[in-house]
Every structure is written in C-alpha cells, then in structure tokens.
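Look at the two complexes coming up: subunit A is in both, with subunit B in one and subunit C in the other.
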Partner chain A sequence: MANLTPFTYRQGQSILHLLDVRCKFFMICLVSMSMLSAHLFACFFYFLILLFFFKKSGLNFFATMTSIKYFILLLFFIFIARALTVKGDILFSFYGMTITEQGLTEGFVVAFKFFLVMLTGLVFSSTTQPSSVKSAVQWFLKPIPFVLEKRVAVMISLALGFMPIIASQAQKISDAQKARCGDLQSNPVKKIIHLVLPLLRKTFLSADSLVLAMESRCYSDDRIDPAFMSSGKEIYFLAGSVVLSLSLVCL
Partner chain B sequence: MNNSKQLRMTVYTSLFVAFIAIGAFIAIPVGPVPIVLQNMFVLLAAIILGPTWGLACVAIYLLIGLAGLPVFSGGGAGIGKLFGPTGGYLLGYLPAVFVTASISKGLGKKMSSDIIAMVIGSLIIYAAGVPWLKVVTSMTYEKALAVGMYPFLIGDILKIIAAAFIAKTLRPVIKL
Partner chain C sequence: MPKNIIDIKSICHTFSDGYVGIQNISVSISQGEFIILAGKNGSGKTTFLRHLNGLLLPDSGQIIVNGHDVSKHLIQTRKTVGMVFQDADTQIVGDTVFDEVAFGLENLKVKRQKINEKVSLILKDLNLFHLKNRSPFTLSGGEKRKLAIAGILVMNPELIMFDEPFSNLDHPGTIQVLSTIIDLNRSGHTIIIATHDVETIICEATRIIIMKDGRIKEDGNPLDIINRLESYGVREPCSSKLGLGIKPYG
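After this line comes the complex of A and B, so read on.
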C-alpha cells in the first residue's frame, strides 16, 4: 500500500482530473453496467476512447500494462477456460480436450470486457483524489435512509489515514523481527502472532489517543458538508457517457 | 450506546477497515506459498467488533474499493474487481463477518468458540467465492475447488489458530 500501484492517484491538470468526482462516479457506473451487454465491435470502440483518455490524463499505457501483468495473466486463464469449455464447432482437439470457435470468441469477449472495466477503474482512481472520493461517497449516501452518511465519510477518511501508518508500522515490526533472527522461526502460527499482535496492540493504543483527541475537540457527526470542484464541462461528459452507454448496448 | 463508546467503535472500525485493506499486502513467508493476512483481519474484525460494527467494517471496506480506491488484493479497485473472478470471496466477507461475530458472541467469546466461529466464517467465504469463480471462469466445480479453495486451506487453519490467540490477548487491551 505504501508503494505506488497503477491505481494510485497521480497529480495532473487534465480534464479528467478537473471533472467533478460525482460526474465521474456516474459515468463509471453507467459505462461499466452497459459493458455487460456490449458487443465486441462496441468494446473496441470504447477501448479507443479509453486510450484517448489515457493519453489526455498523462498515463503511460505500456507502463500500466506492465504493472497489471498478473491481472492480464488471469484474463488469459479465463480466455483459455472459456475456449475449452464452451461447446460448438471444433477447431483443435488434443488429449481429449477440444477448442471450439464459439469458445474462442466468447472467451475473448469476456476477457476483453473485464480488461476494459479494469482500465476504466484505473483511469478513475489515477485521476481522482482519495479525499474527493470520500466526499462523493457521502453525497451519494445522503438520500439512502438509515445510512449515517457523515459517519461513513468520517470512517472512510480515518481508514485512509490509518493505511500508510499501518503499512509503515508493519514494515518496522518485520525489520525488528528480522534483526532479532525472527525470520528463522519455523512455527508459522508464531510467525503470524509475532508480527500481527504488536502491530494491533500498537495501533489500537494510538487509536485510543485519537479517540481522546476527538472527544476533547467536541467531535460530532454534525459536520459541514464537503465542497465539490467543478470544471464546467460536466454536462457534456454526462451527455457523452449516456450516448456512449446506449451505443455500447445497441451497436 | 453513549457518545464516547460510539466514537471509540467508529475509530476501531475504521482501524479494522485499514487492516483489511493492508492485509492484502502483508505476506508472511511460510513454505512456497506466502500467507496473506486479509481474511484473518476480516475474521478478527468479526470477533472483536461484534456483528453490527463488524458488518459495517466490511461494508465500508467494499464501498471504498467499489468507489475506486486501490484496497482490494493486488492493488485492485472498482466495480470490475468486485464483479470479476474473485468478487465472490469479497462479497462473501459480508455474511461471513456477521455469522462469525454472532456465533462468537452467542458462545461467550471464548477461545474455542472463536475458533468454531472463524471456521464457519471461512467456509461461508468459500461458499460464496468458489461458485462465483466457477461461473465467471466456466470451470468445473472440481477445478474451481482445486484453484480457489484447496491450496489455501492449510494457511487458513494457521490463520484461524493465530487469530484466536491474538483475539484472546487483544480483548483485555482494547476493553470493548
């Protein structure tokens, strides 16, 4: 988590960086849903659009592909599994296994759709700040009854704040264990306990201090609503995403 | 629940959300396959936070991932990951955490009851994950079990034993 992953936010001034996060949420949901019933031609069309936004957002497509190579391997596995299991016109047959034409086509379509949905999420998370994601979640949860959206938003921001602290504490504890020849320990249960217990104890004690600090500052759920940045081009993007979704379904 | 207790639970739940997210990146080398601690933190959240806050913890974790932040295993995020081949395991965390917490609470939060609760919780995760994997990849059940369950069972047993010890030591420290 402390390392830079392809899904980490990258600073920039592109139109996707400046777009209102709520608009981006709406677009990503709409396009991901319509992708489920899209045909192969429509998928290629959407792939070209994604490549354009990759370029516009300053992301390196080939470097990104290298960093998600394990995911691509998983897609290849899905492709092979479909090719071997879907019945149809037999293309090759070996050792009792058959690859069908329909299997190859269906496998490619399914793997390609997963790839596109993953790329869409990647473009979104690379161009959206975690703090604005939190604000958008709060805004979207507001109309839902029985959901305390402000508390959920606080919990998300606390969790996001805790993550780098826990990652660095885990690294420190692991290094300290190694310095004391802890890595020579052969009992796996002891290995887990020796890493996790000090980590949990340490972070829970600091969480107690945080609770005290929040209480002493009269923390309550009644907080000021977040402000959203707007680029002024949201309406065009929303209209574009509706047209795109309809094209994906109908083409 | 008074304000102070509620605030404490809010912070602890957020802490467990962070632990579940980080758990995907903390690997302990045991033999050829390293043990990843994510599902151990899900089960620990259940037996330490209880049914309501445990469920909230996993729901918020999934919400963060669904919102596009890289908290799923391998740095993944978004609707694609949640509905991808491993999505069943992620969605299975929701019933698993609730059932584990309810059993642990019902049996009196003892070490033996924690172990029983976590074993049932793990089985629920597999019951959701393996059929999902089968449907998405069009594998047979035998293959889905061979790649999505059997290789992880020994690691799961070790994690459950470790989690039971950790919960026993941690409960007096956090005074819930």
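After this line comes the complex of A and C, so read on.
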C-alpha cells in the first residue's frame, strides 16, 4: 500500500471538502499573493483563520507539524540566513558574524509567511481530490490558445497520483540495497546513482505499462469534460477571500 | 452454435530489436468460451493478447473482431475486447475507486449521468461500492485486481483477457478474483486467461492453448492436453499428477 503524506487527499465532508475546486484555486492564489505584502500582525490573523479551517477539515495540526519537520527545519535556516544578512541594529556579534534586530524580525516574518503559504497548500491538497485539481487546471487552461488543456490536466493528475508510488518504489530499492550492506557505501554520488538508476528504470517501465492500460481503455484527448461539485457557498467564500486579502494588505 | 468473436489469420509479430514475438498464429475464439493461454515465460502469451485488442498490430496476417479488422477499428475492438493487465498498480489512473472505473466511459464520451449510473452498478455487482471514495492505491491486492476488472467491465466488453490474474495474490485474494472471473463467464462473457500456472483455473476452462517460442503448440480440451503440459514448461496440476483428473481449486 502507498503511504499517506501530509499532502495526500483525505476523505471528508467539511465545507472545504465540498467547495468548488475552482473557487478554492482562486482563493489560494489571492491569499498567497496578498501574503507577500502582509505585516506580522496580519499574518497572525491569517494563521488563526487557517487553524480554524484545519480543525473544520478534520486535520490534526500537531501530527501535521511532525510530518513536515524537515520543512520547518528549512524555514529555520531561512530565518538564520535572514538574521545574519540583514543590516541594522546589532544584537550579537561573534566570529565576524552579526545578528541584527531587523534581521531577526525580517527572518521571522519571511519564515512565517512561507509557513503560512505551505499550510494553505496543505489544507488545499488534503481537502481536494487530485482529480478535481486536474479538472480545475483543465478549466482554467481552456481559454488559452495553443494549450492542450486536457493533456496537461491528465499529466498533472498522473504526476500527483504516482508521487506516492514512486516514493514507495524508492524506499523498496533503498531497503533492498541496505539488505546487501549498501549503507556502508560512503561515497554519496555512488549512493545516489545506485538509487536513481533502478528507480528511473522502474518508473519508465511503470509509465509504459500505464500507457498501454490507458490505451486499452480507449484513452484520447477528446474526453468528456469534467463535472464540478458545488456546495452553493462559493460566493460567500470568494467574497470572504477578497476581504481577507485586502485585510492582509492593509492591516 | 456460438458465433466467433475473434478470427485470427496467420499473424506474425517481430519487435524492433529483431526478437520474434509470435509466428504464424491462426485461431478462432467463440462466444462464451473459457480459454487458458498457457506457456512458460517468454513464450509469447502477452504479445499475443496485446494483438487481440489492438495494443500491438501484426506485421502480417489479420485479426477480425466481430467482423471488423482490428487495425481499422481500434476503438470498436477495445470496447469489445477488454484487457486486465498483470500489475494492477501500474494501470490505475483514477484518484478514487469511482474515478478509476469511470475512466473508460469518460474516454468514450458517455454522458455524465449515465457514467454515474453504470459505475455505481458495476461497483455494486463486484461488491466494491463501499470503497468508491477510497484511493485505489490503498486497496488490497485482490480488491485492486477486482477494481481493474470493474474498469474493463463498465465498458461492456464481450471478451475479457487477463494477463496472469493471480500473480502476487494471497490465497483469499486468489479466491476472490477467481470467483469474479467464473461469475463473468457464467454471465456470458468470453474469458481468456494467460498464465504459466494453470492449477487455479483449469477446472473452469473449456479450452487450453499452449504457446512455445511464439507459436501455438497445442489447442484443445484441457483433459486431452493436461498430461503433456510439463513438456512445454507448464506445471501439471497436482490432482492430475495423482491420477485424480481435474479438481476445483481451493
């Protein structure tokens, strides 16, 4: 069985689960862009809203934090890098490096904004079926000339669907190598090559099988258009996201 | 007398690297038959099956499905002849069990309401309806195989081909898939099963075709051929070895 990642869709009946995916796409784009110019207070305000939707969607905030610990580590490095590079009033100085008050503040704000954008994406992906994402992409790309929207949509859907399978394959290959003392290999380049080559081979073979399976079920670009699910509350959410975006920018 | 669904006339196929897949195969398949296509690995079983629904086209010879040349009527052929592949994981396209079954009908541009009705019906028939919102990747081996069957069955094919349907399945999974295949045959579907292990299914078969080196070596009633299976690299069922004839699996 494929493992669930924090970004995997989880079944549910919350309002976010039932909302039209196009509306969710619009909201996520609007709020993420507003976040660029939001101040710290506004970010905290948005964080509280996100926590509310976390609970509403049936997601466990602390369990999610545990599973994205490496991302949080990355944010910590961003914070440190900012703290060390932004000029301002010096707080500490050691080995020629200085940490400034402005650096700390700016580092925190930038890391916090990244964190919020990532949480927004996480709420979106765990309440939205990948097939709906595919349908929305197809819908948004339709008016653009010379873009094969149906093909792009299927490619996105397959990529999303196969991520956990590829990750599970990589784990199996890694385990098989460990079983033959592969972890004693100290050269990181050789380690990567030993993992990547069989993984690529397996992935291409799987892709080949998938193409045959799709072809045998009459796949073509000329397919029926996707159906969109609607909760009837999209208009309120759209209006709410516009107000929220304005608040993020103005507060 | 049942009508022929498939007529194959002297087909040959050589791959681009020069490897000969199948040679000079001529055979007819009638409605309602339950055929085992047996042979050791590399004997040409899968290559042969892939010709029957146009995934591969022969270099020479002709395949007629319901009176139409396969090479000229690919969509019609694939609606008539469904294929369930060996590895269930690599043929999953949908994010949920429901979407996976709906995939074929969406390709055929069937109306959305009709799709919903047909998919629900098939899922209920195969006892998968309670899983309709689950991710296919989280199902058990037997359930995945049944899902693959549902994805084909919803397109209403007359003939269903299975490539090694019992490989990598545990005993309950094997029984689950076996009973589904038997039910399909009893409800009028023609069945072809490619396998190198005939013990599971031979009791239900009405005909067995043995392949070796890309050619058909034997074609006939299982009872007449069962004692010669091992000369083609196919294991003879235990019951037959013990002189008990053909016994049901399980």
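Some notes on this structure:
In the analysis below, the second predicted complex is superposed on the first by the 183 of 251 C-alpha atoms of A that agree within 3 Å, B and C clash if a C-alpha of one lies under 4 Å from a C-alpha of the other, contacts with A are read in each partner's own complex, and residues count from 1 in each chain.
Convention: contacts are C-beta pairs under 8 Å (C-beta built on N, C-alpha and C of every residue); 3 or more make two chains touch, one makes a residue touch a chain.
Because the structure is predicted, anything quoted here is derived from the model rather than measured.
Look at A:158: by the touch rule set out above, it reaches both subunit B and subunit C.
Applying the stated contact rule after C-alpha superposition, one finds that A:213 touches subunit C and leaves subunit B untouched. By the touch criterion defined above, A:130 lies against subunit B and subunit C together after alignment on the C-alpha atoms of chain A. In the superposed pair of complexes, A:223 makes contact with subunit C only, with no contact to subunit B. In the superposed pair of complexes, A:191 makes contact with subunit B only, with no contact to subunit C. Shared-chain residue A:85: touches subunit B; no touch with subunit C.
Once the two structures are overlaid, the count of subunit A residues touched is higher for B than for its counterpart among subunit B and subunit C. With both structures placed on the common chain, the touch criterion links A:204 to subunit B but leaves subunit C unconnected. Contacts of subunit A with subunit B, set against its contacts with subunit C after fitting on chain A, overlap at residues 1, 8, 130, 158, 160, 165, 210, 214-215, 219. Here subunit B touches subunit A in the complex through residues 4, 7-8, 10-15, 17-19, 21-22, 25-26, 28-30, 35, 37, 40, 44, 56, 60-61, 63-64, 67-71, 74-81, 83-85, 136-140, 158-159, 161-162, 165-166, 169-170, 173-174, going by the rule given at the top.
If you check the complex, the residues on subunit C that touch subunit A are 50, 53, 55, 75, 78-79, 82-83, 85, 87, 89-96, 99, 103-112, 115, 133-135, 137-139, 151-152, 155. Within the complex formed with subunit C, the subunit A residues making contact are 1-2, 8-9, 11, 129-131, 157-158, 160-161, 164-165, 206, 209-210, 212-220, 222-224, 227. Those residues of subunit A that touch subunit B in the complex are listed here as 1, 5-8, 25, 28-29, 32, 70-71, 74, 77-78, 81-82, 85-86, 114, 117-118, 120-122, 124-125, 128, 130, 133, 136-137, 151-152, 154-156, 158-160, 162-163, 165-167, 170, 183, 188-189, 191-193, 195-197, 200-201, 203-205, 207-208, 210-211, 214-215, 219.
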